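Next come two complexes built around chain A: one with chain B, the other with chain C.
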Partner chain A sequence: MLVQNFPFFSIVLAMFSGILSSVLNGKQARNVSLGVIGSTIIMSAAVFFWCLGNGESYTYMMGHFPAPWGNEIRAGVLEGLTALLFSVIMLLSVLGGMRHTFEDVEPSKVNLFFIMIDLMLSSLLALIYTNDLFTAYVFVEINTIAGCGLIMIRQKGRSFSAAIRYMIMSQLGSGLFLIGLTLLYDVTGHLLMSPAKETVASIEAAGRYEIPMLVILAVISVGLAIKSGLYPFHSWIPYTYGYATPTASAILSGLVSKGYIFLLMKIFYRVLGQENVIASRMVNVLFLFGLAGMIMGSVHAILEEDTRRMIAYSSVAQIGYIYMGIGLGTESGMVAAVFHMFTHSATKALLFISAVGLYEVSGEKKDFRSLRGAGYRNRLAGVGFTVGALSMVGFPMLSGFISKLLFATSALQSPHKMMLTLIGLAVSTVLNAIYFLRLVITLYGRAEQVAVKGKQRCSFVFGGAIVCFILLNLFLGLMSQPVVRAITEGLEMFD
Partner chain B sequence: MASHLLYNIEETVAMILFGIGFTMLLLHRNLIRKIMGMNIMDTAVYLFLAAKGYIKGRMVPIVTDGILDASAYMNPVPSGLVLTGIVVSVSTTALMLALTIRLYERYHSLDLDQILIQVKKEEGS
Partner chain C sequence: MSRRKDNYETSRWRQFMQWLAGEIDPLTAAKVGMIQEKAETLPDEKMERGKVSTLQATPGNESDEREAHSAAAQAEKAAGQAKSAMAAEPWLNQPSGESRGLRLYRRFYQVMSILLCMGIISVLLWTIAYLPIFGNAGNPDNNEVSARYIEKGLDETGAVNMVTGMILDYRAFDTFGESCVLFIASCCVLVLLRIDNDGGSESWKKRQTEANDRIFEPKNDIILQKCACVLVPVILVFGIYIILNGHLSPGGGFSGGAVLGSGLILYLNAFGFQKAERIFNGKIYQRITVSALTFYCLAKSYSFFTGANHLNSGIPLGTPGNILSSGLILPLNICVGLVVACTMYAFYTLFRKGGM
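So, the complex of A and B:
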C-alpha cells in the first residue's frame, strides 16, 4: 500500500528539504518549508485514517534487514493523529509568526531559520514514528540542535545565553537518555522496540535484573523529563520561550517538549511495559513532580511581570498536568495526558502567536501596563489570546475544559491519588485563572495613555493563522469524543 | 560486591566517568569545562558500549581469512552505535563551542554566572 510508505516519505522529505534550503534564498526556503509541512499534513492524515479504517498498526522495514536487526518505522492511530496535529500546529505557527521571522532574522540567514524548521519537523516525525531506540536518540539530538538553532537565530539580547542554557539542560537530558538506552541494550540485546519488549517481559517473568531495570526506567524517565521541562528541571524554560522569535517559541513550547513526552510514553508502552512501569512506582515520582509543577509553574507565572515569560511559566504548569496524567498509572490517565498534550500544543502556540500581535500594537513592550487596552487595538489577536487563556483556565467548549474533565474522571479510578489530583487540579485552575484572566482583563481595560502605535491592521496570514488556531481549539473542545476514542484505540495498539 | 566491580572494571570506570562528566556539565560555571564534561559523559557511554560489545577471543567482524562462521566474530552493532554516537557528540560539541565563542565575543567571559549577570544588567539599562 502506498499509504504505508507515507511516514517514511514525510520524514525523509522534511530532512531533504532542509538540505535543499541551504542553497536557496529566504523566500524560496520559506515556500519549500510550507510545501513540506503541507504535504506532511496530508500524508499524516492519510496514515491516520488508513490505520483508523483498518483498525491496526503496521511496521515498515527500513533497508533490507528483517526484524531483530535492521531499523523500523511503526505507524498506528495514535502516531498518525499526533503527526497530523503536530504538523498542523507547526504550519499555523510558521504562518502566524511569519512577519516577525523576517523582521527578527538577518535577511541572509532567513533560509537557515527554515532549515531549522524542516529539521525540527523531520525529527519530530521521526520521534513519533520510529520503532528503534537508537534512532530515537539520534533524532532527539537532531531535535535539540534544531531547537537551539531556532533560539539563537535571533542574535539579539538574551538569545545566546538562552540558547546555551537550553543546550546545557538538553545535553544533561540526552546524556541520561543515552546511558539508559545503552543499559537497556545491554540487558535485552535489542534496539528495536518489539523484540526488546519481549525480552523485557521474559526478564521480568524470571525476576532477574531487577535493579538494572529500575535504573533504566529512572534514567530514561528523568532524561526525557529534563528535556521536556518537568518542574524541578524547568529553569531554562522561561529564558528559552521568552526570548526566541514567536514562531520558535510556539514550536518549542507547543511541539518539541511534547515530542519527548510522546517518546517516553512510547518507551513505557512498547519497551518497558506499562504494567512494569506502574509496578516500579516510578509513576508515583512522575505524579508528584507533575503535581508540584502544576502548582509551582502557576505561582511563578503569577509573580512574573513580563507577559511572555508568564506564558512560558504557564507551560511548566501544563507539562506538570501531562506528567500527572502519566503518573496516575491508569489507562484513562494516559488518555487524559495525551489529550492534554494536544490541548497544550494547540493552545500554547495560539497564545504565543496572538501575544505577538498584541505586542506589536503596544510598542513591542511586554509588561502589563503597556498592554492595557491592546485587545481593542488588535481585535483579532485579542480574541485569539482570550480564547487561548480561557482554554488554559478550563472554560467549557474549549479544549482545556475537556482535558481537565478527563483528568478529573480518570483520577476517580485511582483511589490513592484521587484526593491529591483533584486538589491539585482545583488549586492549579484557580492559579491559572488568576494570571490569565488578569492579563485578559488588562487587554480590555481602558488605556491610560494614547496607544503607542495606534490601530494596526493585522496581515491576512496572521489573521488566518489565529482563526485556524481558534477553530482547532473549538474542535478539540466540542468534538472531543472522536479524538478521545482515537487516542484510546491508539494506546491499545501500542501493546 | 567489590569483586564484581573489579571484574567489570571497564563498566565501573565508564559509570564513574559518566558521573564525573554529568556533574561537570551540571555544576561547573566555566563554559569550556562544561563542554569538556559533556564530552567526558558521552565518551563514558562509548567506553561502556565498547566494553559490553567486546567478547574475549573473538575477532573484529571483518572477513579477511575466509572464516564465515558468525561465532568467530563479535557483534558489530555496539561499534556501530559508538560511531553514530561520536558523530552526534561531535556536532553538539561544535554547536556548543560556536555558541561559547559568540558569548565570549559579546560578554568577554566564559563564566556562565558572569554572563547571566551581564545579560540582566543589559536588560535593566
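So, the complex of A and C:
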C-alpha cells in the first residue's frame, strides 16, 4: 500500500528540504518549507484515516532487515492523528509569525531559519513515528539543536541567554534519557521497541533486575520531563518562550515539549509496559509534580508583568495538567492527557501568534498594561487571544473545557487521587481565570494611557492563520467525541 | 512582608480600587504570602522587589532589548540582579540590607546542588552493581541481534568491517539522523557566527574587524610551515584512506572525516587564509555538504523504500574484501566523511573570522 509509505516519506521529505534549503535564498526556503509542511499534513491525514479505517497499526521496515536487526518506524491511529495536528499547528504558526520572522532574522540568514523549521518538523515526525529507541534519541538531538537555533536566530537582547538556558537544561534531559537507554539496552539487549518490550516482560515476570528497571524508568521519565518543562524543571521556559521570535515561541511551546511527552507515553506503553510503570509508583511522582506545576505555574503567571512570559508560565501549568493525566495511571487519564496535549498545542500557539498582533499595535511594549485597548486596534488578534485565553480557562465550547472535563471524569476512576485532582483542577482553573481574564479585560479596556499608533491592517496571511487556529479550537471543543474515540483506539493499538 | 502591611497606600481596598482603575496589580502584593513555605522564597521576593523598583523607575519597562539608557540603568541593574538571584547564579556585589538573605540562599543553593549531584552519582553507581557483569557470555546483549550481525553481516552487507556494516546498512536511518545532527549543528554555528555583508553598514564593519584576526597573517612561521609541508599531505592521504577503506578495516566516514578536517585546519594555520581559500571556501563548503547529504538522502531513501516494500534494490554487493564492494556503504562513507571534514573546517574558520 502506498499509504503505508507516507510516514517514511514525510520524515525524509522534511529532512531533504532542510538540506536543500541551505543553498536557497530566504523566500525560496520559505516556499519549500511551506510546501513540505503542507504535504506532511496531507500524508499524515491519509495515514490517520487509513489506520482508522482498517482498525490496525503497522510497522515499516527502514531498509532490508526486519525488526530486531534493522530500524523500523510504526504508524497507528494515534501517531497519524498527532502528526496531522502537529503539522497543521506548525503550518499555522509559521504563517502567523511570518512577517516577524522576516523582521527578526537577518535577511541572509532566513534560509537557515527555515532549515531549522524543516528539521524540527522531521524530528517531531520521527519522534512520533519511531519504533526504535536509538532513533528516538538521535532525533531528540536534532530537535534540541533545532530548538536552540530557533531561539537564538533572533540575535537580539536576551535570546542568546535564553538559548543557552534552553541548551543546558535540554542537554541535561537528553543526557539522562541516554543513560536510561543505555541501561535498558544493557538489561534487555534490544533497541527496537517491540522486542525490548518482550524482554522487559520476561524480566519482570522472573523478578530480575528490579533496581535497574526502577532506575531506568526514573531516569527516562525525569529526562523527558526536564525537556518538556515539568514544574520543578521549568526554569528555562519563560526565557525561551518569552524572548524568541513568535513562530519559534509558538512551535517550541506548542509542539516541541509535546513531542517529548508523546515519546514518554510511547516508551511507557510500548517498552516498559504501562502496568509496570503503574506498579512502580513512578506515576505517583509524575502526578504530584504535575499537580505542583498546575498551581505554581499559574501563580508565577499571575506575578508576571510581561505578557509573553505570562503565557510562557501558563505553559508550565498546562504541562502540569498533562503529567497529572499521565500520573493518574488509568486509561482514561491517559486519554485526557493526550487530548490536553492537543488542546494545549493548538491554544498556546494561537496565544503566542495573536499576542504578536496585539504587540504590533501597542508599540511593541512587553508590559501587559500597555496592551490596554489593543483588542480594538487589531480586532482579529484580539478575538484570537480571547478565544485562546477562554479555552485555557476552560470555557464551554472550546477545547480547554473538554480536556478539563476529561480530567475530572477520569479522576473519578482512581479513588486515591480523586480529591487531589479535583481540588487541583478547581484551584488551577481559578488561577488561570485570574491572569487570563485580567489580560482579556486589559485588551478591551479604555485606551487613554497608550499613545495609539496608527491602526495597522493585519496581513491576510496572519488573519487567515488566526481564523484557522480559532476554528481548530472550536473543532476540538465542539466535535471532541471522534477525537477522543480516535485517541482511545490509538492507545489500545499501542499495546 | 510586614513592611508592606503597615503601609496605608497598599491596603486591600485601596489596591482593589487601583486595580479597577487599572493602575496596579494587587496580585503582585498578595503573592509574597502564597509561596512562603517554598525554599525559593528569598530569590522570588528579591525578584519581586527588583521588579517593583524597575516599574517605579521606568513605567512600562520596555528597555529590555535596547541598550540600557543611563536613567534606566539602575532599574535594569536591580532587575538583572533579581533575575540572577532567581536563577541562583552568582550575582553582583549588592550593598543593600537584603544581601545577607541572598548570600544565605546562594550557600543553600551550592550545598543543595552538590548534594543532588552526589545523590545522582551514588544512585547510578548503586545501579551498576545490579547490572549484568561486563563481558559475561550469558548477558542479555549477547542475543540473536548481535549473533546475526556477526555471523551473517558479511554476507548481507558485504562489509568486512562489521561496525560499518551495522551503522551504514542495518541501522542506516540512525546514521542519516546523525549526519543531520552535524548538519544542523553547523547551521546553528552559522547563525551564531557568520557575519554577513549587509551593504557595508557600520555595524557590519565593526563586527568584521572584531572577528577578523587575519591582520596577524601571514605568520610565516618557518618551523610550522616546513612541518605542515611534510604532515598535511600525509594526513590528507591517511584521512582519504580511512574513508575509502571504511568497509574493509577499522575506520569509516566519521573518523576519516575528522582526520581530513584536521589536516585542512593544520594547512590553514601554517599558510594563512589567503592560500587556504584557494582550495576551500564557503561556496565549495556549501556545494560539498549539500551534494553529499543529498546523495546520502536519495540513495538511502531508495534503499529504505525498496527494503520496506520487499523489492529488489539491484545494488550489487560485490566480492567482500575488494575495495569496490558492499553496495552503498562505500559511497555513503565518502559522503559522511566529506560532511564531517567540511563541518570541522567550517567550525574552525567561523570561530576565527566569522565566515569562510
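Odds and ends about this structure:
Keep in mind that, in the parts below, the second predicted complex is superposed on the first by the 491 of 495 C-alpha atoms of A that agree within 3 Å, B and C clash if a C-alpha of one lies under 4 Å from a C-alpha of the other, contacts with A are read in each partner's own complex, and residues count from 1 in each chain.
Criterion: a contact is a pair of C-beta atoms (placed from the backbone, for glycine too) under 8 Å apart; a residue touches a chain by one contact, two chains touch by 3 or more.
None of these values were measured; they are calculated from a predicted model.
In the superposition on chain A, the chain among chain B and chain C reaching more residues of chain A is C. Applying the stated contact rule after C-alpha superposition, one finds that A:K109 touches chain C and leaves chain B untouched.
Touch criterion not met for A:K27: it reaches neither chain B nor chain C. Contact with chain C, but none with chain B, is seen for A:N5 once the two complexes are overlaid on the shared chain. In the overlay built on the shared chain, the residue A:I168 is in contact with chain B alone; chain C does not reach it. Judged by the touch definition given at the top, the superposed model places A:D186 against both chain B and chain C. In the superposition on chain A, A:C148 contacts both chain B and chain C.
Once the two complexes are overlaid on the shared chain, A:F134 sits against chain B and chain C alike.
When the two complexes are overlaid on their common chain A, residue A:T442 makes contact with chain C while staying clear of chain B. Of the two partner chains placed around the shared chain by superposition, chain C is the only one that A:G63 touches, whereas chain B remains out of contact.
In the superposition on chain A, chain A positions 69, 134, 138, 141, 145, 148, 152, 157-158, 179, 185-186 are in contact with chain B in one complex as well as with chain C in the other.
Per the touch definition, chain B reaches chain A in the complex via residues 18, 21-22, 25-26, 31, 34, 38, 41-42, 44-45, 48-49, 52, 77-78, 81, 84-85, 88, 91-92, 95-96, 99-100, 102-103, 106, 112, 115-116, 119, 122-123. Residues of chain C that touch chain A in their complex: 22, 25, 27-28, 31, 34-35, 48, 51, 55, 60-62, 64-66, 86-87, 123-124, 126-127, 130-132, 139-146, 148-149, 156, 169-174, 176-178, 180-181, 183-185, 187-188, 190-192, 194, 196, 198, 286-287, 289-290, 293-294, 297-298, 301, 303-309, 313.
Of all the residues in chain A, the ones that touch chain C in their complex are 4-5, 8, 12, 15-16, 18-20, 22-23, 60-65, 68-71, 106-109, 112, 115-116, 119, 122, 126, 132, 134-135, 138-139, 141-142, 145-146, 148-149, 152-153, 155-158, 165, 179, 183, 185-190, 199, 209-212, 215, 235, 296, 299, 302-303, 305, 363-367, 369-370, 372, 434-435, 438, 442, 445-446.
Listing the residues of chain A that touch chain B in their complex gives 69, 134, 137-138, 141, 144-145, 148, 152, 157-158, 160-161, 163-164, 167-168, 171-172, 174-176, 178-179, 182, 185-186, 191.
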